[in-house]
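Labels run A, B, C and D following the written order; every chain starts at residue 1.
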Amino acid sequence: MPTDFNQLTNQLPGLVELCRTYATEGRVASYIPELAHANPQTLGITLHHKSGSFTSAGESDTPFTLQSISKVFTLLLALMDRGEQAVFEKVGMEPTGDVFNSMLKLELVQPGKPFNPLINAGAIVISSLIGGDTPELKSQRILRFIRDLAGDDSPSFNESVYRSEAATANRNRSLAYFLKDNKVLDQDVEPTLEVYFKQCAIEVTCAHVARMGLILANDGSDPLSGREIVPKRYVRIAKSFMVTCGMYNASGEFAIQVGIPAKSGVAGGILALVPGELGIGIIGPALNDKGNSTAGVQLLKQLSEHYDWSMF
Amino acid sequence: MPTDFNQLTNQLPGLVELCRTYATEGRVASYIPELAHANPQTLGITLHHKSGSFTSAGESDTPFTLQSISKVFTLLLALMDRGEQAVFEKVGMEPTGDVFNSMLKLELVQPGKPFNPLINAGAIVISSLIGGDTPELKSQRILRFIRDLAGDDSPSFNESVYRSEAATANRNRSLAYFLKDNKVLDQDVEPTLEVYFKQCAIEVTCAHVARMGLILANDGSDPLSGREIVPKRYVRIAKSFMVTCGMYNASGEFAIQVGIPAKSGVAGGILALVPGELGIGIIGPALNDKGNSTAGVQLLKQLSEHYDWSMF
Amino acid sequence: MPTDFNQLTNQLPGLVELCRTYATEGRVASYIPELAHANPQTLGITLHHKSGSFTSAGESDTPFTLQSISKVFTLLLALMDRGEQAVFEKVGMEPTGDVFNSMLKLELVQPGKPFNPLINAGAIVISSLIGGDTPELKSQRILRFIRDLAGDDSPSFNESVYRSEAATANRNRSLAYFLKDNKVLDQDVEPTLEVYFKQCAIEVTCAHVARMGLILANDGSDPLSGREIVPKRYVRIAKSFMVTCGMYNASGEFAIQVGIPAKSGVAGGILALVPGELGIGIIGPALNDKGNSTAGVQLLKQLSEHYDWSMF
Amino acid sequence: MPTDFNQLTNQLPGLVELCRTYATEGRVASYIPELAHANPQTLGITLHHKSGSFTSAGESDTPFTLQSISKVFTLLLALMDRGEQAVFEKVGMEPTGDVFNSMLKLELVQPGKPFNPLINAGAIVISSLIGGDTPELKSQRILRFIRDLAGDDSPSFNESVYRSEAATANRNRSLAYFLKDNKVLDQDVEPTLEVYFKQCAIEVTCAHVARMGLILANDGSDPLSGREIVPKRYVRIAKSFMVTCGMYNASGEFAIQVGIPAKSGVAGGILALVPGELGIGIIGPALNDKGNSTAGVQLLKQLSEHYDWSMF
């Protein structure tokens, strides 16, 4: 039964305040210095309905960087640029219960092909597949794609987050050189990482992410204009990965407790969607030990239970 | 849009013959001696619609043992016997891209808790949680539950498969003693393995599995009588696991290519379902290198594409 | 320059009291219940010179079970029973820095062959290679070999330690079934483990171990009678393993700090030897976090420094 | 009994020709392009006796780069520059049976400290500990140390091998960034790798390596002049590591079959020594699957057996 959007709009502020209390159980990411400045008490959400209505609550205007949420969209762009076969020659399709930056899986599984495009190793390879002759061109194409999906030109690179990330990302450099050594990464490491770090540093608000989720919820097309932005087949692929591995090594639990496609980032953002109905953007910088927004996951759980959103 | 069951009934025999050609790409499981006798060219399917209609094609009457398909149902029974909290204290919720009987994950992730209930280690722990004072009582309760879901009393233990499995299952013994050492398995190893091997050796046909799938597709209730056999919440949990880890380390690819909850077994059986509509049982003993029926997966892929079954 | 045995005899009681203070840094092994009763303050040593002289200090009469020290002698017996080629078809020659009961290495290195005969997995395989038609015969042959090397018939199986070990050794059972599954272990698991647990439960004193070490220090022959008990080639193999992997994952550090062949056991015993000169037996049940006697290692370090025993 | 140097001198040419036939079982290293040009049939050896006599046979004048042999000497220099405690805070002392460039061990063992100074990860950390404010100064100090030990100023950096190595060493870059991420490597990655690659590219002949080995065989002093070049304690440490992990993951087997301290490099060089007697330098570019010179190992095995060199 479709979600009653009016009821939801009325309930939302109360739910946000209820779930905000869960923020105290989490901690703001500190491994990227710039992210450590975020206020852990922040909680904001925007829901965008395919009718064009949208509603927000909490600090939904707080800007945040996409971080790993960007992996969903670079996957889509790489699929549009290279096609399905070329992408999956380089990256696998399987979820993995490992922590997000483990190198174990790369070493154990010949020949060093990343398990899927939503883990760091996979997303680095995906960055190398984005069309464009230079890192700048690739990054600009990613930004244009994000702006197109967000329906707004304000998303931009947060330069200080980018520089902070680039300066401290030795684990990602290690992964990238490992992939290079295994010939899974064809391009040079530093230009590829520049693209990767830049995509992570695109700054948005909940409204942008909700609109991006709505396009995915509507199989790749703008529900108002009907314009296709992403082919339906690629959206299906993205939604599958969001369900099986979108929430790091809590994806299985999230599938059971919430049951909708979602992708989180270490800045505390969550992209989620109710297929055919809604796009959702959330910001809540306090993270649990799996790297997901504590208050944000709680908010999605309560909404999913109340409105029976689970696909399962 | 709902599946046109008449059209499906007409197309099914042709599709089965088309997909049967894929059987030559696979091989019958040989690690359990009794399974090696199966005919690799066999392909059979039954679909059971919630209206009560059902249709079959190919060698759908060929009996086969449930093998890993049973893991879905022992999970459900353990949830009904012990509740959600007790079950997930012992078994995790996360998919893993590892091969099915790896011990690596158990060793790496403290404290040796299996990643999920559909890998061997997890299913062995689940077997220990089934209610009943003796292995015989536990096994009888599992069989009764299978018969109840199948709507038929003919499913029985195939004693020669059971003995064949029990005699050759040193990897599973190794896993079980490892779990025992880590205190994840509370009960004795051999009685627990007896229950585990027996559930794997329950012999069924496609019609049984299709009926079992239909109950899950209908959220745990018989669509004709309305009788609840399994609580909806537990069915949701089972369907989540089927999507994220039902097809061994090809689950991610299956989610993209087929997109419905399914669970395979090494005898070549597949349980699948279209939520709210259909239960599906398939037998095709020739397996691909991931352990799934080659022809069976192909058949589900063609049906899903044609009738747009994907949840994603 | 040869060790001055008179000086050593005079200094020994003082050194033992000095090193006994290190016992407080360790803990008595508790995973085998029977071992937990040992007094952590115990420290005893016997040195046996090739001239026939011997000297003891501390509680050198405290009986203790060989535990992993037995692995040196079952290796020798297996080499005498089967020859070098047959033994090293089943067990490797390489040290490993892993903790003693890890299964990781077995899984990673195809085809599941244990790295060396002094880790548990390797010693279990070695137990299966000991000549004798039944576990009882194998165990009796091991005991006779130990008595022959000790020059005394009092070493016997400690039945309560054996039963305690057999009842709690699920990790070893897990290893053994894994080896069986990989066809590295040809014989049945439980009879093989019976032999393995029995060899670990042979009870000795420092004097026995010192005499056994003296035979190895003298290349396999009794220095007084000249009788060859073990061929020199096999003693060389055993001494190599004692240097590269005799002290669990502190073998490298021990080679640097002490520099003589040695093997420790979790009951707190240490077998050591100064090639061409001395056999050494030590008991000190308080273990460090690597599983070696804290006071015992300290005693060997002080003796080696003072008498310049290091081979390096 | 001391080696009869005259007899050895007479036998050496014949032994070299005998062992040269083993070269056909190996292959020249190809992962560094410059190394692939070597002639696989080359076999040369120089032995340097503490009396000052030396003897050579085969193509002992063929220049080759030290590669991993340099790890022994940078360890010594780091110990002399920083002291034992500072070095072993950053690098462990334990052998590992893993292949030489595995990242698995770094990930599994907290906190990413390399197992020992002779594996790549350990040697990279050691490079960072060499005294000197710039990579150039560090490299010049290493070269001076090598020349001092070789008793000759002709060893120099082979620039084309250095550049070839630096251009293709993505696995080492990956290791170094991993170490940096774990804060085991304090200095910047590229300057550290410059030092590491340069030390590997120092070009020598068998006579140089034999003289270097002789200094180690003589506990760090020139046997003719009596001048101490390296403190005895540090030589002991180096010899321990050469025995437990000098021949990659064939070190255990080499200890049994040959039984003397040795270190190999992928250019086909071997440094070996008979304590108190001889230094040995060997070149034989055809490598076995463990990365050691096939003909070179065979030559040492024959010499050790004939002259009873084994320490065990």
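Going forward, a residue touches a chain if its C-beta (ideal position, glycine included) is under 8 Å from a C-beta of that chain, and two chains touch if they have at least 3 such contacts.
Everything numeric here is computed off the predicted structure, so don't read it as measured data.
Seen as a C-alpha superposition, subunit A sits on subunit B after a turn of 180°, to the nearest 5. Using the mean of the Cα atoms as each chain's centre, the chain most removed from subunit B is D. Between the Cα centres of subunit C and subunit D there is a gap of 32 Å. Taking each chain's centre as the mean of its C-alpha atoms, subunit B lies 48 Å from subunit C.
Subunit C has its Cα centroid 55 Å from the Cα centroid of subunit A. Multi-chain contact residues of subunit C (touching two or more other chains): 104, 108. Note for the complex: subunit A touches subunit D at residues 102-104, 107-108, 170-171, 173-178, 180-181, 189.
Put simply, subunit D touches subunit C in their complex at residues 92-98, 104-105, 108-109, 115-116, 236-237, 239-241, 243-245, 249-253, 255-256, 259, 261, 275, 310-312.
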